[in-house]
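Quick one: structure below, then a few questions.
Chain nomenclature is as follows: A, B, C and D, assigned in order of appearance, with residue numbering initiated at 1 for each chain independently.
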Amino acid sequence: MSDKLAKKIAKSLHAGEKTSAAFGISLVDAGEGWARAAMKIRPDMVNGHNVAHGGLIFTLADTAFAWACNSRNVVTFAQHAAISFLSKVEPGETLTAEAREETAVGRTGVYTVRVSAEDGRVVATFQGLSRTAGGKVIEEEESKDEE
Amino acid sequence: MSDKLAKKIAKSLHAGEKTSAAFGISLVDAGEGWARAAMKIRPDMVNGHNVAHGGLIFTLADTAFAWACNSRNVVTFAQHAAISFLSKVEPGETLTAEAREETAVGRTGVYTVRVSAEDGRVVATFQGLSRTAGGKVIEEEESKDEE
Amino acid sequence: MSDKLAKKIAKSLHAGEKTSAAFGISLVDAGEGWARAAMKIRPDMVNGHNVAHGGLIFTLADTAFAWACNSRNVVTFAQHAAISFLSKVEPGETLTAEAREETAVGRTGVYTVRVSAEDGRVVATFQGLSRTAGGKVIEEEESKDEE
Amino acid sequence: MSDKLAKKIAKSLHAGEKTSAAFGISLVDAGEGWARAAMKIRPDMVNGHNVAHGGLIFTLADTAFAWACNSRNVVTFAQHAAISFLSKVEPGETLTAEAREETAVGRTGVYTVRVSAEDGRVVATFQGLSRTAGGKVIEEEESKDEE
């Protein structure tokens, strides 16, 4: 049930993200405290060294993080995030970011996101710190209607 | 002189960044060990909470960081970056990211980037760790031609 | 077998750490890519606000991280670490730090360390980036002798 | 005046830190939004690789950070910190940590700490995120008495 709600929340956030549409970020799956997002690196997503721009890899990870940390239907914002770039990514590769909650204490949550390529190599790891702001992300009524 | 070279390197990297064109990132100024980049938050740059997507604020900071850490004409990559989000950003605001070198030891460099809005408030701080890969970013000949 | 070697390496590092003796850090267990360390917060381990000093919580996490990232018998150093403090710790509490490898690519490793108290609450999360330097931590002969 | 108060606060925090006494951390100087602390690496402050333990370098930086972020006499705690280790430190070296405020927005502050050795090399950079808790660190009366 809560996984169902989490998925609806992720869908709703995804629909509101103009950047996700622009970058072709897709929602793979989501549940309570976790989410998976995917993105194909297009030729227009490179930096000045002709490899995938770190900013877009971060954006993919940050998107999965946002879905995961909002998954309990409390409006939650990123307050801090760190990313380690482990391997270069070529245009044409499809990346998957998997966010999972490490722990949550009070209003603070800690999430780890692993970004991997199709060949299985991990291209980046990301750690996000979230802070709940209060208020609902979506109306539960709305969520029941669709069940 | 080295500031002149730094600016040419930044221009060259900027020209190769497809993402900078897509996001409207402009090169404000650059010198040895520092760079400034600007970006206007468009209505299509929001997240699911209708404020500027953290991924794009990161991308702006990361771009200034890349220009600064490549400014001595040695190909250099980001290996780690951390960002703290301090204030929400509304569509329509123009952000400026100023990157400066904190220190460089061996192949590792440490950079701080401050991202501010037009009203002077700091919306994010970013810290980047770079690692030199070797090789030149641009041919110095090419840089002399234009002088 | 590799878990056996990992444990011997951790014991050897532990024996060489003067700080571990001073702080009463004990080796709980270790295996390939992971380690657990424990420390009781003594009354002399507080900061100016009379709670456990963040530096000592970091030291505990960093120690478990060092054991985990050296567990494959290649000399490895911490290059970067980040810690989030989630809950205050009182003198008298015993903390356990559990380090585990998230991923390793080339010479770089990424580790997550979770620091918890006896009552189960997570008091800090730590993320470490390691870099192999080469050379063995202990002689394998030495390790066989003891088997 | 505010620098004078800042120095009294640092002295008061320093006096309450049992760890500072144990590690020989001294207060070099402090003012509004900044502080400098020093520590000599003793032979009992090494890790299993026989160089200064990263945990103690962190503790020194964290101590300077604490003095700086409490310098306006509002009780403030570290919520997150990151450290990059740039150079090995030998026993016998004296390190100085200089903390300075990058920015403060609402209850959050961002601080950079640079840790250097006597020969001028930077051995670590540290970035701290603080959060005010409210309440005074010292009574202002007490601070006036001494003026």
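Just so it is clear, a residue touches a chain if its C-beta (ideal position, glycine included) is under 8 Å from a C-beta of that chain, and two chains touch if they have at least 3 such contacts.
Just so it is clear, the structure is predicted and the values come from calculations on it, not from any experiment.
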Of A-D and B-D, whichever chain pair has more C-beta contact pairs: B-D
Chain whose Cα centroid lies at the greatest distance from that of subunit C: B
Centroid distance [mean C-alpha coordinates] between subunit B and subunit A, Å: 23
Chain centre separation in whole Å, for subunit D relative to subunit A (CA means): 35
Centre-of-Cα separation between subunit D and subunit B, whole angstrom: 29
Per-residue multi-chain contacts in subunit D, two or more chains: 79-80, 82, 84, 108, 129
Partner subunit A, residues of subunit D touching it in the complex: 79-80, 82, 108, 129
Sites on subunit B touched by subunit D in the complex: 80, 82, 84, 86-87, 102-103, 105-106, 108, 110, 112, 114, 121-122, 125, 127, 129
Complex contact set, residues of subunit D against subunit C: 12-19, 21-22, 43-50, 53-56, 58-60, 62-63, 66, 70, 75, 77-85, 88, 137
